[in-house]
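Encoded as structure tokens, the structure appears first; notes follow it.
Every chain is named by a letter (A, B, C, D, E and F) in the order it is written, and numbering of its residues begins at 1.
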Amino acid sequence: MADAWLTTLQTATPQEGFELAIKLARMGVKYTQPAADARDRLRPAYADDVNALIASSQVIAINYQTVAAANDYWRKG
Amino acid sequence: MADAWLTTLQTATPQEGFELAIKLARMGVKYTQPAADARDRLRPAYADDVNALIASSQVIAINYQTVAAANDYWRKG
Amino acid sequence: MADAWLTTLQTATPQEGFELAIKLARMGVKYTQPAADARDRLRPAYADDVNALIASSQVIAINYQTVAAANDYWRKG
Amino acid sequence: MADAWLTTLQTATPQEGFELAIKLARMGVKYTQPAADARDRLRPAYADDVNALIASSQVIAINYQTVAAANDYWRKG
Amino acid sequence: MADAWLTTLQTATPQEGFELAIKLARMGVKYTQPAADARDRLRPAYADDVNALIASSQVIAINYQTVAAANDYWRKG
Amino acid sequence: MADAWLTTLQTATPQEGFELAIKLARMGVKYTQPAADARDRLRPAYADDVNALIASSQVIAINYQTVAAANDYWRKG
């Protein structure tokens, strides 16, 4: 994947940090399954699957730990 | 998602921090499945599914690690 | 949930901290499924399900990381 | 559970720390399913189930993070 | 596995760090199933399985926590 | 388990640390199912099971967090 999609973990606000965590979770899927059409085929399946939704939220939570630490938890925001 | 829903990770008490962790877990689901009616359809399914309940508690626990660290564990509360 | 159930993460001993971690795991379930009778219906199912028991122990372990850090691992206990 | 089973997270060696992590994992199960005969009934099931074994190892790994941090990773051992 | 494949956790950018986290996730699989042909057989299965994709993203996220900490979150990048 | 198999978490290189993380993951399984023949029976099953392979990689990743922290991420390597 030649494109630069991640140049910093710093964000202005906790919410932008959460959205970056979502991006990291999605990029983890994208690197594993690079074919966009395959990912698109799977999207309806997981969007209506409780376990997949909770699991997605979990990956976001793990990535958010990283992003939040990188921003010192926006303590001085 | 244009609305601001998260402006700080700081909370007054450990319990409010726990409730923020729940909110983060739910927002992780919401960003993944933005359609409210789809999420509503799924709610009865997971509310009576032991594994989904435990998995939900796990996502909350992971988010609580982040929120608790952000508040220095409310040590001087 | 109006009641105050969590006023501090500090505990006197590592064992009390472990028991607080269990409480946090249970509260994660309770916030997700607030109906006590629904939770009671589910209890027999998971108490005899190996995977649910291990998953429960995992949520406790994650919460214990938080509680132990909050107590500086009871190093001066 | 009135008995004192955990008075410290400090151990003499990394291996004793690992064994304490195993104990914590088991206690997480025990608090969730206090009936010894029920746990004994389940033991054969999970001891021959790959997923349960890996999941058990995962809970131990999470608890070991806590124990290792509590011992400053036995750096001066 | 005699080959040296990991000499440092330091990377120049957060994105290279993410790619290293992916490599660590893959090496975890490779050490567990060293036979390349067996891994190749499994690839189509998981690339179209939502749960496997999310689980893969989760392992990457956990490894990324390690790599990001090793790089002090590229704060001075 | 009387034998000493873990005397230190310090390793010379990040790769040796990763291999120690694998050992910890395996020992977690071994303590849970001590019978070697039972583990051998299970090996073919999980080596061809995508979910078991990813789960194994996850346990390694969690243990690697511990080992990497114990080695201060080999920063002065």
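In this text, contacts are C-beta pairs under 8 Å (C-beta built on N, C-alpha and C of every residue); 3 or more make two chains touch, one makes a residue touch a chain.
These numbers come from a predicted model, not from an experiment.
Colleague: Specify the chain most distant from chain E by Cα centroid.
Modeller: Farthest from chain E by mean C-alpha position: C.
Colleague: In angstrom, rounded to a whole number, how far apart do the mean CA points of chain D and chain E lie?
Modeller: 27
Colleague: Which integer distance in Å separates the CA centroid of chain A from that of chain B?
Modeller: Here chain A and chain B have centroids separated by 16 Å.
Colleague: Taking the mean of the C-alpha atoms as each chain's centre, how many Å separate chain A from chain D?
Modeller: Chain A and chain D have C-alpha centres separated by 31 Å.
Colleague: Give the residues of chain F that touch two or more other chains, as numbers and ranges in rising order.
Modeller: Correct list: 46, 51, 55-56, 58, 62, 65, 69.
Colleague: Could you draw the chains as nodes, link the ones that touch, and say if you get a line, ring, star, complete or other?
Modeller: Looks like a ring, each chain touching just two neighbours.
Colleague: Can I get the ring sequence of chains, opening with chain C and turning toward chain D?
Modeller: Moving around the ring in the direction of chain D from chain C, the order is C, D, F, E, A, B.
Colleague: Touching chain F in the complex: which residues of chain D?
Modeller: 13-15, 18-19, 22, 46-48, 50-51, 53-58, 60-62, 64-65, 68-69, 73-75, 77
Colleague: Contact residues on chain F for chain D in the complex?
Modeller: So the residues of chain F in touch with chain D come to 1, 4-10, 24-29, 31-33, 35, 38, 41-42, 45-46, 49, 51-52, 55-56, 58-59, 62-63, 65-66, 69-70.
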